[in-house]
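Shared chain: chain A. Partners: chain B in the first complex, chain C in the second.
For the complex of A and B:
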């Protein structure tokens, strides 16, 4: 699909409701449609043309434009094309038809839009509150511009969501808000019949930090990268990178080639340490601690290397709009090569040893199954998708940074289960090593940072997608006044992947649930982005605020 | 067959685990210096700092507070509790007054006491408005003890409540 074909197809389907279509280069097409036809347009893009749904963003533009801007993003991965579908929803009637019945993967994004901006998704099959805490008052929408980042509304339990109906005869087993194998707060209510999982419900977003709000109300363009890097505690660099690239695309800033290469090196260093970390954690979840100890031992020199190169072992702080802040010096190359060689040797040994181990195959095989059809419907990403035969890898399909000049092989498995996802990550590790080596070889000399002398004008848009260790990390920036974005939307890969959990665990036995969830390499903080303490809600038992307080003091 | 395979796998794993030997470090009993170029706690050299406030302006964590306590003292207050150790402050400082030290052992039960860096910068006051004004360099600051109003920094003139315009061309550099 080229931009013209997409425009053509949409015009045929919705006619004059396609108000505007503006391709930007070959890789993006920005469209504005009449909100009345949003479902038809989404159906055309997703079902007829075979596009992939990325995310939905809503923006409060009442002050200047008298409307809310609702934007759905789609991707055509075979053709390196992103389609941005804008619809202006009038401020006095902030409602738009829900696309979730057509695209199940849009479920969360639309609920988030209702929660944070108060734009109702009419016809949403599950319109319960998603992001806001239980004690948030109804009718207060934190991402609207008339809500200050400092406001603290009066608590009210009116809008607290109820747990979904429990199937007949089933018992609820809570996993979370704090659970030993989940390293961040999240809450799954797993419904079991005997040992078998028959359904589940999720309540998360306990770590929502309001980063998008800060970005459009408090921070400036060059402060955001450092905050963005803290979206994730493992793969934060992808976020600062994607954010910077989105701003650069919007403002038309040309990044020096050397900076692209340096970004690529760090992106791959991050993937390496992330996959090694995950392999260890997965081992730990299934009680295979040798794997945990050994992968983490191998990983440590990598962290020290990152510290040498960037100044910090994990929050590299390298990215800034226009390039990177620190050069990778020639004299550091031998160190990098040494660490990579050590890891490669040991990883090969591990790859030879581990798959033969019955612990692994017995615990990981045939559990957490997600079929290719489900992957497509739920818009899963990264190793989850590639473990089920999906071939999307943003590095190859939508090359960014220096990937267009590098050889990246996609690692795809078709087992559709947790074991397949494990293999994808095991195999991606050496690929990351090879990419870093290519970078060291091909890196051109030159500047590392573009000089930006002029202010970035308001009203420009840019998007960026980065293949994080967990899948596509997607950022959209709409530039604004006062040296900060008007809207900055972040979609971490776990946001999409978590929506697949209930499908994955259905039919498994309870003991497999932790590793099923673990196999996503879930990153709740990325997904959550504000925090407020929550309570467990549900028909079974309601824990009151007092009870919480008492249990804490006990 | 399966049993053999597993045994073989276990053997390989044993080698993998035994080969590196003991890797645990003696930390904290044996101190471990961070690598060269590490970004630890930022520290300000008060003799260099000209009090321009640039560091406070760029700090993504908004953890640097700048207050003038009187006509000749500007206080930079670093709330290190919130610091992200990004080093942006050191990067933009026009006189390289900030050093990202190698200090990283910052755990404390009293961050409000232990993790606050307060720096008192001596400033030359503007003769007309009486407020602290920023000299382009530490040396200039010395020169300006006479508070000659014709040398007032252009920036100060803009903010000057008396509305006095300085000769901006001359002092812009």
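For the complex of A and C:
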């Protein structure tokens, strides 16, 4: 699919409702459509043309344009093309047809749009509250421009979400309600019949911190990379990098090649530490603490290396719009080589041991199955998708930073289960090592950041996608006035992957649920959290629906 | 203080901690985990993570207190039997961090619970976390060296202060 073909196809399907289509280079096409035809357009892009749904963003533009801007993003991975579908929804009737019945993976994004901007997705199959806390009053929308980031509205339990209907004969095992969680904290209610999971409900977004609001109301372009890095403590560099690339694309800033290489080195260092961390945590979840201790021991020199190169063990603080803040010196290369060689040696041994390890194959094989069709429908990403035969890997499909000059091999497995996802991560580790080595060899001399002398004009758009350890991290920036974005939308890969949990755990036994959830690498790494699941599910504490609701609402 | 007495007499040999994430980004959490792994090995001090607040002597809080987690953290705190101590790990738990005043964040952990000890940092290194806990337990002493840093333009001038101006907390 090229930009022209997409435009042509959409014009045939929705005719004059395609108000505007503007390709930017070969890799992006920005379209504006009539909101009445949004479902048809989404259906055409997703079902007919075979695009991948990325995310939905809504923007409050009432002040200047008298409307809300609702934007759906699609990607054509084989052709390195992103399609941006804008629709202007009038401010006096903020409603737009829901695309979730067509694209199940859009469910959360549309609920978030309802929560944060008050743009209703008409016909959404599950329009309950998703992001805002239970005691948030209805009718207060924090991402609207008339809401200040410091406002703290009075508590009210009116809009608190209720649990979905429990299947007949099933009992509820709460995993949560409070759950000390990390990147996407979660409270699962798992419905079981005997030992078998027959359904589940989810309440997450416990650590919604209002980062997007801060980015569009309080901070400046060059402050945001640091807050973006703290979206996630494991793969934060991915977020600051994606944000900077989105602004650079919007403003047309040319980044020096050396900065691209330095970014690539850190992205891969982060992937290494993240995959090693995950392998350890996965081992811990299934009670295999030897694996946990071993992989974390292997990982520690990597943290020291990151500290030597950047000044911090993580949250490196390297990125800034236009380049990076610190050079990687030639005299550090031998140190990097040494750490990589040590890790490679030990990792190869581990990688060879896993397929023959009966504990791992018995616990991980054939659990948490997600078929290629479900991957596509739910728009799963990263190792989850690649474990089910999907070949999406942003480093190859939509090259960014220095990846267009590097050799990256995709690691795809077709087992569709937790074991396959484990293999993907195990195999990606040596690939990351080889990428860092290529970077050290090929890195050109020169500047590390571009001089930016002019102010970035408002109304420009840029998108950036980065292959995080967990999948595609997607950022969209719409530039605004006062030296800050008008809207900055972040979609972390776990946002897509977590929506697949209920599909994955259905039909598994309760004891496998923790590793099923863990196999997404849902940006959590906390041991004690896993222990809680084990104990609670072990004790099978059953609550009635009423109790559950009370404990949630208390 | 009675609390200090309890901490130093009862808890130093085997402190069981329950780790609670109040809305953190993961950074502090994986450093807390890191203290358990071979290079740092918190268990040599008798410190271990437990799976239920009811088994714990201490709570370790990470992250800013968000509106949604606050009631649940309070319940976890109530579930810890007395005597108990609370550690706030990281800049966010200490004072709310860079989102201290956003619409969904109440501030640092002490907005909701009484916090006994703070270990700031973004994230604090595993050594810092271990040192913070060990200091609280009286396994080591707290030493603070005072210095003054002045930034003019891009240069930072650092000047050590004389020893009588150092702030050294007396241990008993």
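Assume the second predicted complex is superposed on the first by the 514 of 554 C-alpha atoms of A that agree within 3 Å, B and C clash if a C-alpha of one lies under 4 Å from a C-alpha of the other, contacts with A are read in each partner's own complex, and residues count from 1 in each chain.
By definition in this document, a contact is a pair of C-beta atoms (placed from the backbone, for glycine too) under 8 Å apart; a residue touches a chain by one contact, two chains touch by 3 or more.
Computed from a prediction, not measured in an experiment: that's the story for all the values here.
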Partner chain in contact with A:94 - chain B first, chain C second, else both or neither: neither
First, second, both or neither for A:209, with chain B first and chain C second: second
Touching partner for A:222 - first (chain B), second (chain C), both, neither: first
Touching partner for A:315 - first (chain B), second (chain C), both, neither: both
Chain B versus chain C as contact partner of A:297, first or second or both or neither: both
First (chain B), second (chain C), both or neither touched by A:353: first
Contacts of A:231 with chain B and chain C, given as first, second, both or neither: second
Touched partner set for A:149, first chain B, second chain C, both or neither: second
Of chain B and chain C, the chain that contacts the larger number of chain A residues: C
First (chain B), second (chain C), both or neither touched by A:35: neither
Interface residues of chain A shared between complexes with chain B and chain C: 226-227, 230, 293, 297, 300, 315
For the chain A and chain C complex, residues of the former touching the latter: 132-136, 142, 147, 149-153, 177-183, 185, 205-211, 213-214, 226-227, 230-234, 236, 277, 280, 292-293, 296-297, 300, 303, 313-315, 523-529, 531-532, 534-535, 554
Touching residues on chain C, where the partner in the complex is chain A: 18-34, 36-39, 49-52, 63-64, 66-69, 71-73, 75-76, 97-99, 101-105, 122-123, 125
Chain B partner contacts - residues on chain A that touch it in the complex: 218-219, 222-227, 230, 290, 293-294, 297, 300, 304, 307-309, 311-312, 315, 317, 325-326, 346, 349-350, 352-358
Contacting residues of chain B [partner chain A, same complex]: 2, 5-6, 8-10, 12-13, 15-17, 20, 23, 34-39, 58-62, 84-88, 91, 100
